[in-house]
Structure formats: structure tokens, C-alpha cells
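After this come two complexes, each holding chain A, first together with chain B and then together with chain C.
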Partner chain A sequence: MNRRILAAVLLVILAALPFIAQATGQSALLSLASRILIYGMAAASLNFVLGYGGMVSFGHAAFFGIGGYVVGVLYHHADTETLFWGFIPGTTQMLITLPAAILVSGAFAAIIGALSLRTGGVQFIMITLAFAQMLFFLFVSLKTYGGEDGIIVRRTNELPFLNTRDRAVMYWVVLAITVAFALGLRRLTKSSFGTVISGIRQNERRMAALGIPAYRYKLFAFILSGMGAGLAGALMVNVLRFASPDMMHWTKSGELMIMVILGGVGTLVGPFLGAAALLSLESVLASWSEHWPLAMGLILLVVVLGTKGGLMALVTRLTGGRK
Partner chain B sequence: MILFLEQLLNGLQYGVMLFLLAAGLTLIFGIMGVINLAHGSLYMIGAYAGTLAAMQTGSFWLGVPVALIAAALTGLVVEAVVIRRLYARDHLDQVLATFGLILFFNQSIILLFGRQPMFTQLPELFSGAVEVIPGLPYPSYRLFIIAVGLLVALGLYLIINRTRIGMLVRAGSTNREMVRALGVDIRLLYTLVFGLGALLAGLAGFLAGPVLAVQVGMGEQILLSTFVVVVIGGVGSIKGAFVAGISLGVIDTMLRAFLPGLLRQVMNGPEADALGVGISSMGIYLLMALVLLVRPKGLFAAGS
Partner chain C sequence: MTAILKIENLVKRFGGLVATDHVSLEVMPGEIHALIGPNGAGKSTLINQLCGELQPNEGAIHLAGRDITHLPVPARVDLGLGRTFQITSLLDEMTVRDNIGMAVQVREGGNFRIWDALRRRRAIWDETDRLLAGCQLADRADVVVADLSHGEKKQLELLVAMAMQPRLLLLDEPMAGLGHLESQQMIGMLRDIRKEAAILLVEHDMEAVFALADRISVLVYGRIIAQGSVDEIRNDPAVREAYLGAEDELC
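Let's look at the complex of A and B:
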């Protein structure tokens, strides 16, 4: 009951943020909040395979980037009035681009997952990294879509009845999608499917003995996770109005992982907390000194070595509640 | 033909560098079970320390011991302060902690020496070129790197296969718990292995100085390729690191040298170049994916 009230209060504050930002004159607050929500979604998607499923993917930025590039490429073709692969016209309608981004990143996740899940452990970490790097270099070499420089999306995707070019409106769109996403994820983790995924993490052989085809379940979880990251990437391009190969760089995968671990592996709220902590810390430290990575590195070390379970464990300990 | 041979030697030189880094990494990985992303930082520290010493004293050869000692010392401190606490943790914590180390080291170097890249003077002995075959003069310094790499490989082979420490290392990469259960001071072994890995990384970094620029981020550039070498070769296997390192070095260099030219025959210039560079950068990752699909543990995995 307590947590519901907490969630409701948080939601009200988040919804009122554009007004708060305007009143206090902190216009950067809005873009920071949008980025936190979006990265939170990407990190939560990663957390679904990593925390619940025990599959340590070091290549999730690939799906994030693919989702972003779907928006970018569709914009590019709409802008130049050309056809993608000779038959797909471009579009700037968000109702089309977001589902397209989800589907395409899901398809990539299906291919990458099907191959990668044949391995495990360290090899799984490295092979997912390998696939992400391949996609990174592929997009770097695609001169049509800006190569290294990426695509500048001059106009944010449109929604019927809403003016998405207004930053506040775009923020509310992101917030609404995040809430829906979080609710969906919560349902998913509590469903029988989510339970099986957790069971596979704990003991794959036992699950197999129960007659559960582990590989198929893991693959399906991987695809869902890729779709979530793709959705986040598509929104990110809409907010930043820019898609570039940097979205799939391996350091981005690392950042997503840091958010998950910082927030708390295998928890629903953890990745969002982690994203908020990391991004706020980054912007605060960066405003103090250009040498902020030094402090960031030390903080990461202290967090990893000194705590177990990330910020979520801290929150649970402070509120004295059970998980 | 001459161009081909020249690129082959370039590939060999790159492969040897990869081997020097991968040898340490694969041991740390295989014996201690730690994913050490900060291995590239040790490479960078070796390069900076050695290059600074060489610049101050004006002697390339004085840079060598300084690079080795600096990298090994940093390695030992890192092992004692950070890595030692990570043995029992899962890979996630190790990745995060060593990622923090990368940030820390990179920024410290920027604070101390700035972002400007540094270049080492070639040693006088190896500043010229040698005619490998008639019509192909080749920088003798690169031949020197190849020779050093091969010597280190031979030395490691002898240590691993002919000494008591080597026996423990081999045993450790096959079955860690059993070695511990037999009463071996595993902690000392870990420290030794980590120090050795750091030493080799420092050597590689210093040797790379005159060929590449000594700059912040040089470690991360080569780190991923090194991990690919480790995984393809099989975690914990020096032999695997050697075979995979040399092959990847040669394949990567060959792709970069010849693929754009081949593509240019079917496409127009700039696009072929861009695509060629892209595909050749993908090459080693593609190879790793293929190897892992056929042999999920790598080519020469220990204990499989």
C-alpha cells in the first residue's frame, strides 16, 4: 500500500515536471528527465534478460541503435521522397515509426539471440558484443545514412492531435509510454512466462527436467528485451532529433549495464533508478569539472565493491520493507 | 606480390601485439575467472611510462624497464585493491568495476599529461629499413617487434610447460577449485599471474609507441580485439592466444588493405572505400561469431 502511494506521488511529480522546469527556469531539467525515462526503459529491457533471465548481454546497445535508426531512416526517406529498398516509403508518423522500430529490433534480436544463445557464460557476453560491433561498423560504413555522422532528424515524428515539436508535449508522450512499458514489464515478470525465465536463471537443468524447452523460452525473452530496447532507441531519436552509430557503440552497452547494476539487478524499478542516478550524476559532475570521469570511475568502484544489490537494496534497507 | 608480403608482415606485427596482450588476459580470465576490462589501461600506462622515460633520458632502451615496472606495479596494486575483491563475484560486477577503472585511469592520464598524443623516437639501431626480399625494404623496428613477440611466446611456452609455476597455471586454468583443494597458495598464484599479464601489457604498450600514437583511449582501441582473440583462442589457453592472435592480426590487416580495392572494381570509389572499411572492421567479429557457433568454447579451450 505504501509503495502505491509512493508511486502515485512520483507520477504526479513527473507529470508536473514541465511546469516545474518552467517555473524554476531549469529548461535542461526536461531533457534530462526525458533521457532518464528513455534510458530507464532500455536498461529495464536489458534487465529482463540479464537480471531475470541470467543472460548477460553486452550488446544491447545494438537494439537501441536499430530502433533509433528505424526512425532516422524512415525520416530520411520521407524527407528525400525516396524508397527504402525500392519499395518502402519513408514516414514521419510516430504511430507507424514506433511499431516499425519495435518490430525491426525484435527481428534483429531474434537472429542474434538464436545464434548467441547456443553459447553461454563468457562466450555469450562476447558473442553479443561481437554482433553489436558488427552492426556498429555496418552503420558507420553506410554513407547513404550519414556514415559516422549519423542522420539529423529535423522534425520530430508526428502524432495526431498533438504538437510533438513542443518539448513538453514530447516529454509527456515519453512519460506515458514509459508508464505503459513499466506496467507491461511488471505484468510480464509476474506472469508464468516470467516465472519460467527466472527459473531458468536459477537452474536451467531443473527447468529442462520439468519439460520446459529452455532455449525457446530464453530466445523469446531475448526478443522481447530487444524490442523494448528498440522502442527506447526510437524515442531517443525523437527527443534528440539525431541518430548516429554512437548509439550502438560498445560503451553504450556498458552504460546500460551500469544502470542495471547500479540500480539493482532483477528488480523492476532498479534500472530506472540506476538511469536516474547515472545520468544526474553525470550532468552534476560535468558541470563541476571536465574531469568528471575520474570521480565517476571511483564512485562506480565504491558502489560495486561496497554494496551488493545496487540502489534498490539500499532503498529497501532504508524503508525497512521487504522486496 | 611485394605489396602482399608487406601487408603480411604488417599483419604479423599486429598479431604479435595482440598476442602480447591476449596472453596475459587469457590467463587472468582462465585462471582467476575475472573479466578485466582494465587490461587496456595497463597497456596505456606501460606506453606512457616508457615513452616519458625514453623522452627524458633520450634512450629508447631505458624506456623498456620503466614501462615494464610501471605496468607491473600498477597491475599489482590494482589486483590487491580491486580485483582481489572480485574473484567471488559474478561477471557483471567485474565488468562494472573494471569499467570504473578505465574511466579512472584515462582521466588521470588526461589530468597528468593532457590529451595531446606523444610519439617515441625509434631506437637508433632499428631506425632504418631492411630489405626482406629484393625490392621490399621493411622498417626494421617492426621486424624487431615481431622478433620480441615470438621470443615472448617461446618464453611463455617454456614457463608454462617446463616449470612448476607453469604447471600450477595450467592446472589452475583447467580446474581452479581442485588446485585450491590440493593446498596450493592460490592467492600468490593469482597475484603472480596478474603481474605477469600486466608486464606483458606494458611491454606491448611501449613497443606500440613508435608505431601508433601514445594517447588516451589507446587501450580501449585494442582491448576489444584482444578479447576477441582470447575468446576465439579459448579462455585460458596461451597456445590459443598465439594462434588466434597471429591469425586475427593477419586477417584484419589483409582485409583492411585489400577489401576496398576489390570492392572498387564493382562499386564507385568513395562508397566502396567506406563499405570496405566497414566490412573489414566487422571481419574479426564475424570470425568470432562463426568460431563460437562451431566451437562454443573456442579453439583451444582448457578443461573442455
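Let's look at the complex of A and C:
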């Protein structure tokens, strides 16, 4: 019950954030909050395969980037009034671009997952990393879409009845999607499928003896996770108005993984906490010194070693709740 | 009556070592067939081939008339093969009830549903509670597996296997590491189970084997040296020689 009140209070604060930002004159706050929510979704998607499914994917930035590029490429074709592959017209309607981003990143996850999941352990880490880097270099080489410089999306995707060019409105859109995403993820982890995936993580041999062929379950989880990361990427491009290959660089995959580990592996809220901590620290420390990664590294070490289970474990201990 | 499990001339080699040497045996419906043999005789190798974790080099395995020699583990389970592990292998982070529930859930199907609530699938939990009722683990239903004693884990292995409603159960040393009292309880449980499934029992505990088995096969160096009823095996000189040394009396 305590938890619910906490979540409600947090939600009210988040919803009121544009007013708070305006009143205090901290306009950067809104963009930071949007980025936290979006990275939180990407990290939570990664956490579904990593924390719940036991698949350590080091290439999730690929799906994040693919989702982003779907928005960018569709904008490019709408802007230049050309056709993608000669038959797909561009669009700037968010009701089309977001589902498209989810589907395309899901398709990429299906291909990459189908090949990667034939391996396990360290090989799986390396092969997902390799696929992500392949996509990174592919997009660097695509001169039509800006190559290394990426695509500048001059106008945020439109929604009916809403002025998404207003940063506060866009923030609320992101917040609403994040809440829906979190509730959906919560439901997923408690579903029949979510329980099987958790069983596979705990003991794949046991699940095989119960009659579960792990491969197709893991692949399905991997696709769902890729779709979530793609959604986050698509929103990110809308907020930043910019899509670039950097979105799928391996360091981005690493960042997502740090968020998951920092926040709490295998927890629902953990990845969002991790994203909040990492991005806030980054912006605070970067304003102090250009050597901020050193300080960040030390803080990460202390948190991970000190809390045994990330920030979520710390919160649980402080609120005296059960695991 | 056709055999539920039929193994024909099974051979498994590891390099130069022949771990399973032309093994043939049958398990009839309703029967407990015990497989005994000294350490290193190849009992676990044989079990792993039957459940599909190892591929034999030669020979065939039939389950209820179907050739399952090259099927993967889950496909064999679908055809009615259940097993327990010698070193218990359970879902350690889940409770006793959840472990049994998982077995029931997998059998019931619908495991790709991402939008239902598992806790609300009444049929699963009703059956789980029915399986738990009256057995010794009933009071421990909400204990996480990692906190169970060795004997309790062994019992849970058996309950999980039964929740799958197999036609044939492969029991890999269910008595291993149990105290005298726990062994007696386990023998009692197996007596009840035999009404529901045929059993291939791999076991070291002679007392248990002689108490339960209808037929016994003796495996030595990967080869079956004797097969027969309890009395035949008890009095077989070759078995005494190989198994306990010539001068020892079997039990």
C-alpha cells in the first residue's frame, strides 16, 4: 500500500514538472526529465531480457537506434516528398511513426535474436554487440540519411488535437507513454509467458525437463524487448529532433546496461531509477569538471558494491518493504 | 501388451570409452523396472540418453511405440516422459507451490500469453493445491526452494514430475543422500505413484530397490549383465561377483 502512495505522489510531481520548471526557471529540467523517462523505457526493455530472462544482450542500442531512424527516415521522405524503397511515402504523424518504429525494431530483434540465441553466455554478449556495431557502421555509411551526421528532424511528429511542438506537451506525451509502458511491462512479468521466462532464467535444464523448448520463448522475449527499445528510440528522436548513428553505438548499449545494473536487475522500477541517477549525475558532474567520468565511475562502484542489488535494493531497505 | 519404454541396442561412446554397450531393456505399463549397478557403470549416461540430453551413437529408443531416439528433450516430455534429477534441479527462487504450479502450467499450455495474469488461472492453482494436499510438503508450500532441506527438495522433484502426468518416469537416484526415515517416506511415495506411471528406477539403495522393483537390470561397465525378478537377481552369482564382491551377501 505504502508503495502505491509513493508511486501516486511521484506521478503527480512528474505531471506537474512543466509548471515547476517554469516557476523555477530551470528549463533544462524538462528535457532532462524526458530523457530520463525515455532511457528508462529503453533500460527497462533491456532489463526484461537481462533481468527476467537471463540473456545478457550487449547490443540493445541497435533497437533503440532503429526505432529512432524509423522516425528520422520517415520524416526525411515526408520532407523531401520522396518514397522509401520506391513505394513507402514518408510521414510525420506520430500515430503512424511510433507503431512503425515498434514493428521495424521488432523485426530486427527477430533476425538478430534468431541468430544470437543459438549461442549463450559470453558468445551471446559478443554476438549481440557485433550485430549492433554492424548496424552502427551501416548507418554511418548511408549518405542519403546523413551518414555520420544523422538526420535533423526539424519538426516533431504530429498528434491530433495536440501541439507536440510545445516542449511541455511533448513531455506529457512521453510521460503518458511511459506510464502505459510501465503498466504493460508489469502485466507482462506477471503473465504466463513472463513466469516461463523467469523459470528459464533460473534453470533452463529444469524447464526443458518440464517440456519447455527455451529457444522460442527466449526469442519471443527478445523481440518484445527490442520493440520496447525501438519505441524509446522513436520518442528520443522526437524529443531531441535528431537521429544519429551514435544512438546505436556500443557505448550506448553499455549505458543502458549500466542503468539496469545501477537501478536493480530484474526489478520493474530499477531501470527507471538507474536512468534517473545516471543522467542526473551526468548533467551535474559535467557542469563541474570535464573529468566527470572519473567521478561517475567511482560513484557507480560505491553504489553497485554497497547496495548489492542496485538502487532498488537500497529503496526497498530504506522503506522497510519486502523484496 | 506393448512396452511403454523400449531400448534397443543402445551404444554411447566417449572417445575410446564405451559408456553404454548395446543396452536393451523394456519397461511395461504399471511396472517399476530398477536399474542398478556400481559407480561408473554408466547409469547416468543411460538416463541422459533416455531423456534426450545426450545423443546415442547407435540403437533406438521407443516411447509407447514411437521412435524418440532423435527428439529433443521438450518433445519427449510432450510424449509423456517425466524425470527427476539425481542432483536436484528446481527453480530455486520460487516457492514449492510455484514450482509445482509451473509444471501444471506448462502442461496446460497457453504459455505465450503475455497479457493474462498467471495468479488468476484458477485451474492451475486448484490442481497445484490438490497435488500438494496431504503430502509432507503441504506445510512448506510457501517456502522458497533455496531454503528447503535436501530431503524436501528430493520430494519436490518427485511432486513436480508427477504434476506433469507422465506415462513413464525416469527416477535418477531418488534416495541419494536421504536418511533412513526419509528413504522410508520416499519408498511410500513411490508405491503410490506407481499406480499412475510406469517407472524406470536408477538407484543405489538396495533395500529400496528390492522393496519396490518388479524387475531389475544390472548394469556393469555399460553392459547389462543380468535381468530378472528380485529373487533371480538376488541369487545371481554373476551379479554378486560384479556388484558386491563374491563373498558378500546381497542384503
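The rule is simple: the second predicted complex is superposed on the first by the 323 of 323 C-alpha atoms of A that agree within 3 Å, B and C clash if a C-alpha of one lies under 4 Å from a C-alpha of the other, contacts with A are read in each partner's own complex, and residues count from 1 in each chain.
One rule holds in what follows: contacts are C-beta pairs under 8 Å (C-beta built on N, C-alpha and C of every residue); 3 or more make two chains touch, one makes a residue touch a chain.
Everything numeric in this text was worked out from a predicted model, so none of it was measured.
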{"item": "Chain B versus chain C as contact partner of A:284, first or second or both or neither", "value": "neither"}
{"item": "Residues of chain A touched, compared between chain B and chain C (which is higher)", "value": "B"}
{"item": "Partner chain in contact with A:217 - chain B first, chain C second, else both or neither", "value": "second"}
{"item": "First, second, both or neither for A:199, with chain B first and chain C second", "value": "second"}
{"item": "Which of chain B and chain C A:208 touches, first, second, both or neither", "value": "second"}
{"item": "Which superposed partner A:111 touches (first chain B, second chain C, both, neither)", "value": "neither"}
{"item": "Partner chain(s) touched by A:162 [first = chain B, second = chain C, both, neither]", "value": "neither"}
{"item": "Touched partner set for A:188, first chain B, second chain C, both or neither", "value": "second"}
{"item": "Intersection of the chain A residues that touch chain B with those that touch chain C", "value": "none"}
{"item": "Contact footprint of chain A on chain B as seen in their complex", "value": "29, 35, 82, 85-86, 89, 91-93, 95-97, 99-108, 110-111, 224, 227-228, 231, 235, 270-271, 274-279, 281-282, 285-286, 288-289, 292-293, 296-298"}
{"item": "Complex interface listing, chain C residues touching chain A", "value": "51, 53, 72-75, 77-78, 82-83, 85, 89-94, 102-103, 105-107, 110-119, 121, 160, 164"}
{"item": "Chain C-touching residues of chain A, taken from the complex the two chains share", "value": "187-188, 190-196, 198-199, 202-203, 205-213, 217, 220, 224"}
{"item": "Of all residues in chain A, those that touch chain B in their complex", "value": "50, 56, 58, 115, 118-123, 125-127, 129-131, 133-134, 137-138, 140-143, 147, 250, 254, 257-258, 261-262, 265, 291, 293-294, 296-301, 303-305"}
